[in-house]
């Protein structure tokens, strides 16, 4: 499995610096250890789960001063058992201690999301539907949390307000209805950006499909209602192709019961999106164990 | 109840800007609504809990362009019921939509922590012990999450590696033992910074108390063991006063079972610290409801 | 005409600050004028063109200290004649002088792009094809230059490497061919992100269409070759719908002769993309004229 | 020829980071290629021109993660022919692709300016006058564009409002005339900063020369008028030396016809300044060609 | 002697970048020397003093481009004589020249503070009292100046408003008196943060001691008054232990005559704090001498 | 007296934010006072001196949240007596306390420099020479400290390595001598940037004058030697005018005895430059006194 995490970006470096500075503040008061002491340590799982954070921890320690050598034992996106070693570190004791808490907080938080995602994705196994996340992400951590969702086997929804246009209830109300809103957007958005309409009723969904939009998000529909609506929307979308629509519309169910995703999976929707893999996940316990023999 | 959140800091402004930019990216594609349209909205609770985030939301909207007037209906630290209105907003439709998701993500995440904290704190009601947090906080959000812990009735532990000196297992091992480590720190740390030793055995705890440290964190001790140890440590600390110790030592139990804090509360420790209010909390559902009549 | 420029973003404020600091450096040496002197000025066109920059100039002066009142006389995206007043400013003399050069440089550069775009767009009038820009933008100015393209009537292509996935020659070569590359991307990209293949031969284009990609960029094809290829690609794309393709494929001609766009416009492609509106544009001359009577 | 570009500055690093982040955004979606694949590429000229950007591209790739080895084949400031290789790169495929567009945009834009400058400078060959730029530079790029002007053989004018004091029409009007304005500045500016007066009439120029200023910028004077005025100004300046003037005044013609600079060159002015090398330049086409054999 | 300076922090890197950019501005105009020329230089003391800045200079040159090898000859915190070599540098001539002034300014300013501190600390030799600094530090340089105080043998007071809570005259006046203010703070501050009261009268000091605060700062008391007051406060503090006070109170004299600290040292206070080591210190003269033989 | 301090710059805002954040850290722990309490305070001088910092304090409080109204009672550059009120503040108690220490540190440090400068400038009264500063400034504070020098009546030397080109011993040694170094620079520096040579012997000074440089800095010459050398240099410079030199050369004595500047003042040099006003200045004591009656 290939997992995309762009490690080239200077912006990611700055983000990691922010994390380190938050914990180091005006300087680690316990810096009493000889700078030349080199030690070994391992990240060890205290719960089972799906790992996320290896390349980030590598980059995090690069941002600190001393040279730390890291060997990843479990790849991002892979599962691990209790007690399993995830990553090996070797370097100056002071550097390892300076980055320890931040590295662990990152891996524990993100592995928690990857693990929660994997369990939601597992519900959909054997069905044609895919699991997608939302914009409900912890402020400041979106690119990392969305990466954790990918590590858990999920698909990312849009990354921000700028990379897909989703018309919601209020946009529609304040623009005079679905049609004027869609027409306005079709003129102004970049061509590769998709136009998606959030619908709360069948009527809204059908109007959107008729206008040739790229996708419809069906919010809080019952599985029964979805089953009836989906084929109708697909048909309307095909007809809209002659008017410039994409032909095949992307349908997404949201506002779903995340403990029972399977009932939505056979309604014919392409995606089931939920914030649960982030908002309802908790941290996976991981510790850094230093070798006794230095 | 007075809750300290320093709203004066330029650093907080920059943090909120980061959050907004993360969602706005290269610009909201759905900015199709008349800039002059002014609307009203409310933050409404979809679950019960303890609120956290009101002043942050106020400040967040100040960082955006249009003038938004905010009236807080529930104070930070106060409980709320399902369906209760938490905060009222009025301002340009485009500004409210631009900040909506970020404001909600902030309030939902932090109220989740405040609520989880309140339930841990409730376990200690009627006991002399207090609940304290740890440095296990989501990277980039420490000052906000620690504020949420205060909103839930908890006490903050140190804010970073720089504002209290805690000697852990490895510092001790690599400095030649508790005594040399304590002596080294007593010379170098700022005088108002406390010196705390993390102990995993009674022997370590007693050595630390004898050296006149400010506090001992007792990690993964059973309530029974604590009950026996605490008076002994207090006595040793009093004796150490003549050597410059503080006299009254602060004792803290950590590595506890967070579902049953009460058993630790009567052992005589001052604090019971746990990361659970942050690492095991989930988001409280809150939505922004716009008035139909503009 | 509605033109989207997100004025809410803190990031835009920081960008404008950078521009101001670049010119002010360690402080304007000619700050010898009484701080209380209030003056009036106008931005006046010394060439005809299409305007771009009004809201930016407004925001730019808000970032400076003194209160400057601005009245826009020509909207962004509107044409203007030689000698026409574009924007009126009133405020402290020192503030206007501090921002003058930066404001003019911004408006002259962006209006140059809007004007060049408008003339390329005009070539396509009466045809079904639309003009799109590229990622060839001046480093540091992409969101502004893409906004200028919209002001000139063009459509934006993707904003960066992160908001649409375009497979180019080298991605394909290094991933083992079009099919493996497309399959890999279909698994990893966010669902709203389109998958586009850049094709240099008919065979490549057809393979991509058969795989159900969202779009094909046809690079350096002659109008004659395009005319033959387009219907074939549309047909292949329709067939691919059953395999999850979008049905209607988006086709784009690039590497075109920008002095004669019309010949491509009737080949059936949806977009003709070119960097010329930015890389071949020059500045429109605009000056700030201060009122003699203060 | 020695060309000064200060590669030591942390500020330049931050600027290049901004450029990279602008294109990478939240991460390159097409990062599907094996991280260990190392490739070779060349920057190849598709038009003739004067090169600018080699050291910047080197530094740009240093800011990305993978190790890229660069060999410059054409030095900054040197001319090149169509098809000529300008620079050779070797490194991780993903790193080269991540920086490709930004590197090319930088080199194409700056080489366009260097080339335009060289053609303006060529007009002055054999004359005593030198070509100078102005503060009309693309916002955010001034130090780079001024470097490009030097690469094209031009001389830089002041870098910002802070490193030379130029009195313009409005400063003069609002300070009560040339004399009070000059007197005020002579007291407040750093001693190494020159004091220059922009004159639109002979009378103004003569008054300035009489006051012992360092330079006069003669705006929109005809070559005939300049020829008569220059010796007079030089004489007045010499007389002003006894009052603290520099003796030899620097004279500069601006507002000139950039297609015919030679007519100004023999009037005796020291500099002919024009924004044309920046505002009227267009990009030079350069591409990055990857080696087929990896 | 172990001196804590946290060299791991990304924040320190950014601070040093700021210093370098301040001097380099838009680029060193005198960069005319061959980039390949490697030279040697020494930092040489032109006055005697206590050194501070070695690790900072090392880090500073790491932030510049060329590889500079540094050998420290005098450790931070060590004294040096006139003419003594403090630090040896070898690297590209242009890099050394680019960092020279900033490195010297840093070392001269900080060594001035270390030297002044050492002379204040020397006054207290043989006494039980320690010398502490204050928050009167040059804006932007606090962590560095406090490090210099440690180099001179002093102890740091709190690092900012956030790492110890000191109630001053106005907090007390505006909170309704010492008791309500202390009670409010005891509830809200992190547990490791000490609570200190600034007292201007014996009555205030006694009230604070009775309330079980961690420390009292005794402002502008005479040595005679202190001698009488100190034992009383210690006694009150011991009695307050039963109410949760620390038992041993920390007492600090401030507002002292810094030319005669000894008279305060035998009054029984733990600390004598003064801003003099920073606000009354002047720079120690140090120069960079380049080897004649390159 | 007009004193130039550019208050428009966003960069100055960011600098002041840095100062505030340094003291506020993670938030003022003593924020226990009612946010609605509005108070009055005055800055009061506890020593006599020359004031510097009024507009900075005004701007500093604007960067904090609450509205603070400031009335300046003593202008920057004016002298004040012990006990004199310098500036009046009115606003929220919490805002005033949050900014108090930073504002005072700024005013005390800068007024110290202004006062020291004024006393050096006073030595030159009645002489034709002016006092100039150097690049020996506290890292991070150059623009503010140079402003303080102007407040004290001094003249600023160059602001950084980029706004005047000074050839020092090493540049000369490594470029093959004064002539080649001067020739190289005359080609590369911006035309408004002056070219100055630092000379340590008469021979060097004469060679520089002969080459038509703009200025010579005469380092560590005795008053007697200067008196003989100055007229010779002026004569050589006049002769160099025909070769493009400025005619009137600027001569500057440095490395002087700052306790006796007058002896240099009648040697005919234009400037006497010294770092003493910054490196040998100490802080002026100023306090903030809050009104008892709120």
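Some observations on this one:
A, B, C, D, E and F label the chains in the order they appear, each numbered from 1.
Note that a contact is a pair of C-beta atoms (placed from the backbone, for glycine too) under 8 Å apart; a residue touches a chain by one contact, two chains touch by 3 or more.
All figures in this text were calculated on a predicted structure; none of them were measured in a lab.
Taken together, chain B and chain D share the touching chains A, C, E, F.
Across the two interfaces under comparison, C-F and E-F, the one joined by more C-beta contacts turns out to be E-F. Taking each chain's centre as the average of its CA atoms, chain B and chain C sit 45 Å apart. With centres defined as mean CA coordinates, chain C is found 29 Å away from chain A. Contacts with at least two other chains are made by residues 2, 4, 6, 24-29, 32, 98, 142, 159-160, 162-164, 184, 188-190, 193 of chain C. Across the interface of their complex, chain B is touched by residues 15, 18-19, 22-30, 32-34, 37, 39, 93, 97-98, 101-102, 104-106, 108-109, 112, 135-142, 159-171, 173-175, 181, 184-185, 188-190, 193, 275, 279-283, 290, 292, 294 of chain A.
Residues 1-4, 6, 130, 132, 146, 150, 155-159, 162-164, 184, 187-194, 196, 214-215, 238, 241, 244-248, 250, 252, 270-271 of chain D are the ones touching chain F in the complex.
Considering their complex, residues 2, 4-11, 14, 59, 142-143, 159-160 of chain E touch chain A. Within the complex formed with chain E, the residues of chain A that make contact are 17, 20-21, 24, 26-29, 31-32, 63-66, 94-95, 98-99.
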